[in-house]
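Shared between the two complexes below is chain A, which has chain B as its partner in the first and chain C in the second.
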Partner chain A sequence: MEHLVQFYAIYGSLINFIGLNALLALSLNVTLAAGMLSLGNAAFAALGAYTAGILTVHYHLPFIPAIAAGAILPGLAAVVLGLPVLRLKGVFLAMATLAFGEVVRIAAVNLEITGGAEGLTGIPNVTNVWMIYLALALAAYFVAVLRRSQLGWGLLSIREDETAAACLGIPIFRYKLLAFVIGAMLAGLAGALYAHLNYLITPRDYGFFIAVDLLIYNIVGGTRAWYGPVMGAALLTALPEILRGIGVAAGPIRMGVNGLILLLVILFLPNGLASLINRPRAVTATPEASGQRA
Partner chain B sequence: MLEVDGLTVCYGPIEALREISFGVTQGTVVSLVGPNGAGKTTALNAISGLLPATQGRIIFQGRDITRMSSHQRVAAGIVQVPEGRLVLAGMSVHENLELGGYCRPRKEIATGIAQMESRFPILAERRHMLAGTLSGGEQQMLAIARGLMARPKLLLLDEPSLGLAPLMVQLIFEIISELQSGGQTILLVEQNARQAMAVSSHAYVMESGRIVLHGEARQLMADPVLIDSYLGGPSERSKDKQ
Partner chain C sequence: MNLFAQQLINGLFIGSVYGLFAVGYTLVFGVLDILNLAHAAVFTLGGLSALWLAQHAGWSIWIAFPAATMLAGLLGLLLNAVAFAPLRHRSDSQFSGLISSIAMAIVFEALSLGLFGARAVRFPAGTVKVHIWQLGPSVTITSLQVSIVAVVVLLMVALTLFLKRSRAGKAIRAVAENERAALLLGIDVRGIIAFTFFISSALGGAAGILYGLYFDSLGPDMGRSIELKGLAVIILGGMGSIPGAILGGLAFGLSEVLTVAISGTSNLRDAVAFMVLFAILLLRPSGLLGRARMREA
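Presenting the complex of A and B:
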């Protein structure tokens, strides 16, 4: 127990960030499941962080309703944004969601209620490690259930081929919007928890690089199951600490090592780190086994 | 069963279909033939709801479905097997079939798959393989079986023989005849006009977004001059026009 306390005293902040990044990676995973390349989830996280922070700082709302609002408002924003932009595909969708990120950042810099460029300060420090991991566990469970649901299979078909999916009778646009909104809400939740961990939220906290990081967590970890993005986020968030542990200085080298890992994964593990622990799909039952049954 | 009345479809400013009208009677195979770029796929996509109609009406079983979304049309019984064998390549054969029954109650799916596997034994053999690893002909069979999983009242087939080896083409047309004997209504789009007409009761010949000829397939087939002028040399004809 004492060791655990000591361990947490040293690595607590890292453990918290692994949890929050994993939650953010999961949020993007829902969107990616439908083949939608969104770079908007960092902005949804910012929206959730500011919403929850403003509610506790300026309106003295209790923590739980503030966190809930931090998830719900990005969800509503995702509906408003999704209606026009989800007709776009691939790189065009990525650009449109990126532009949304800029809008959120510029709004945060210029509004009074967000604290401008200095950010929103004095946010009560209520979030703790178990809340983060409870949220992560619930989100992971939700994503796992979603995958096996009617909606999850629909999303997977949309990712495989939109025309084929439409021919199956899948309501393409409705499902895409739903996945986009769920992703935004999970991202908002992560942002809201972060705001109440860090005392402070600034317009720089969820910028372009975070948006790209979320994508990299998913690629490195693998997008096909909930544990992929969690693994990717854990590895890449812990990496600077690990490097420091073995005597490599952080900073520019970190970017290089991130890039190297990304490259190695793309080359040798196209389905990400997750493919190291799950058996390849579609061969789960051998033909012999089903032959015996017949 | 299906009535298309004055259907016009545009891609932006380009009119790909100009006021075409045709019909499909229950229990028959009707083919829509014509050269590449005639607008056959466009017509099918408008019927299945993948493309919006600019003008005209589509009536299915007495209901105006012109403004219905594609998933509502699947639920109503119009199922398209799209051009180019669009199987879900990263999923197994079994999963493809399961997804074919997406709009059906879950408990019916297992029996549907069993039916498809006995009708297409090769699919039972390949059950656990990824659909993308099947041969072209097998993928086409899977695409048709996946379409049938939805229990369509009207099956739309877009160029099922395209790019297949002659033996496979033969097999696909046999499957179409068999389906027709079983009472399945089919609207068949083909460039392979002779073979398409051989399995059809009626045929419509399209060119440049219009229907230029139609009638009983048997009669159209008996007129080789007609076939040659409309389907034998589409490239010469388009050159003539310029």
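Presenting the complex of A and C:
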């Protein structure tokens, strides 16, 4: 027990961050399940963080309602954003959500209620490690159930072939919007928890590079099951610490090794880390499919 | 009014550098339909290595510039060989190519940190002799600005002629149009793709050098500020369209300086640009000059 306490004293913040990043990665996983490449989930997390933070700091709301609001408001924002944007596909959807993310970041810098560039400070520190992991466990369970539901199969068929899915009578747009909103709410929840863990949120906390990180967690971990993004987030969040542990000096070398490991996983584990546990059929394109571009 | 004219001129110059950067992005996207997120890291390494050649090797900028541009092109070949070629026939090559290019971007950024240090550096004084011409009361234009635009125009004309007239350029366009048909016609598709990366990265490196000269400051994180702008520019101009990228770059540069000039603060500079980007995506996803089919990409 004493060892456990000591371990937590040293690695507590790392453990917390693994949980939060895994939650964020799961939020993107829901949108990726429908083949939608969104770079907006970091912005949804920022919305959740600021909503919950502002509610507790300025309006002295209790923790639970503030967290709930932190999940709901990004969900509403996702409806408003998704209605026009989800018609776009692939890189174009990524760019539109990226532009949304930048607008959110710039708004946070310029608004008064968000505390401007210095960020919102004095957020009560309420979030605990068990809350993070409870939220993560519930989210993981939810994603696992979702995958086997009618919605889950619908999303998968949209990802594989949207035209064929439409011919099967799947309400494409409604399903996509639903996945987008669920992802946004999970991201908002992670943001709200983060805000109450860290005393402080700044506009830089959820910028473009975080949005890209979420995608990296998913691809490195594997997008086909709930544990993929969790594994990806855990490995990549802990990687700098692991490298430090085995004596890789800080600075450019650690950064380079970090990049190389990412590259190796992409090149040699096509379905991500999750394929180490449970090998699904390797999905390689037939020459016909890869030779023909849309 | 004079301030306005001056801002317009500045916007055009910085816009032409954005355009040059974005042309490299859009060239690879046009051929492969893949975003190369390591382009900004090549931009940084190009600028920093030109600086090193000018400062430590004591080369004239007129030799350091083409040398560093070639070096950036070689980085493009490396990028293709390591991060893109092995993934080409995977079904998810759009996603995995994106990630492997990010991985290479991290490696390149680590490289530039390790080789050149973390500090912001500048070209030694007198690298380029600067004349200042007075165009009107308090409207000036420097010879540096003029040479930057001259270099950009020269590179663009050369690129356009190359793509239109030369055999290799035609092969690039054929691969962009339909990879399979190009292969059936006996075009060395793999070689052409590698060559495209070479040109794209060389242009990115050239943009890095010009950017460093214009702002008189270079550092390992300089690519980060232009990465998003480059993406915005190619959307604005139309993915895969080279004139579109130039036009988008100019429009983006102008919108930046005009927002600052009109609103009086720099806070909203990027907001306006990204709102415009957002609107373009919704109203005309193929961009100003893009082809309609690109929307499906």
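Here is the rule we go by: the second predicted complex is superposed on the first by the 272 of 294 C-alpha atoms of A that agree within 3 Å, B and C clash if a C-alpha of one lies under 4 Å from a C-alpha of the other, contacts with A are read in each partner's own complex, and residues count from 1 in each chain.
Note that in this section a residue touches a chain if its C-beta (ideal position, glycine included) is under 8 Å from a C-beta of that chain, and two chains touch if they have at least 3 such contacts.
Only a predicted model underlies this, so the values are computations on that prediction, with no experimental measurement involved.
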{"item": "Which superposed partner A:N110 touches (first chain B, second chain C, both, neither)", "value": "second"}
{"item": "Partner contacting more residues of chain A (chain B vs chain C)", "value": "C"}
{"item": "Partner chain in contact with A:I201 - chain B first, chain C second, else both or neither", "value": "neither"}
{"item": "Chain B versus chain C as contact partner of A:E102, first or second or both or neither", "value": "second"}
{"item": "Touching partner for A:V30 - first (chain B), second (chain C), both, neither", "value": "neither"}
{"item": "Partner chain in contact with A:L73 - chain B first, chain C second, else both or neither", "value": "neither"}
{"item": "Which of chain B and chain C A:I219 touches, first, second, both or neither", "value": "second"}
{"item": "Partner chain(s) touched by A:L146 [first = chain B, second = chain C, both, neither]", "value": "neither"}
{"item": "Chain B versus chain C as contact partner of A:A22, first or second or both or neither", "value": "neither"}
{"item": "Common interface positions of chain A, toward chain B and toward chain C", "value": "283-285, 287, 290"}
{"item": "In the complex with chain A, residue positions of chain B that touch it", "value": "48-50, 69-71, 74-75, 79-82, 86-92, 95, 98-100, 102-103, 125, 127-130, 146-147, 150"}
{"item": "Residue ranges of chain A in contact with chain B within the complex", "value": "150, 153-154, 156-157, 160-161, 163-164, 166-172, 281-287, 290"}
{"item": "Complex contact set, residues of chain C against chain A", "value": "29, 33, 35, 37, 82-83, 86-96, 98-100, 102-107, 109-111, 113-114, 179-180, 224, 227-228, 231-232, 235, 239, 267-268, 270-271, 274-275, 277-278, 281-282, 285, 293, 295-297"}
{"item": "Contact footprint of chain C on chain A as seen in their complex", "value": "37, 84-85, 88-92, 95-96, 98-100, 102-103, 106-107, 109-110, 208-209, 212, 215-216, 219-220, 251-253, 255-256, 258-260, 262-263, 266-267, 270, 283-285, 287, 289-294"}
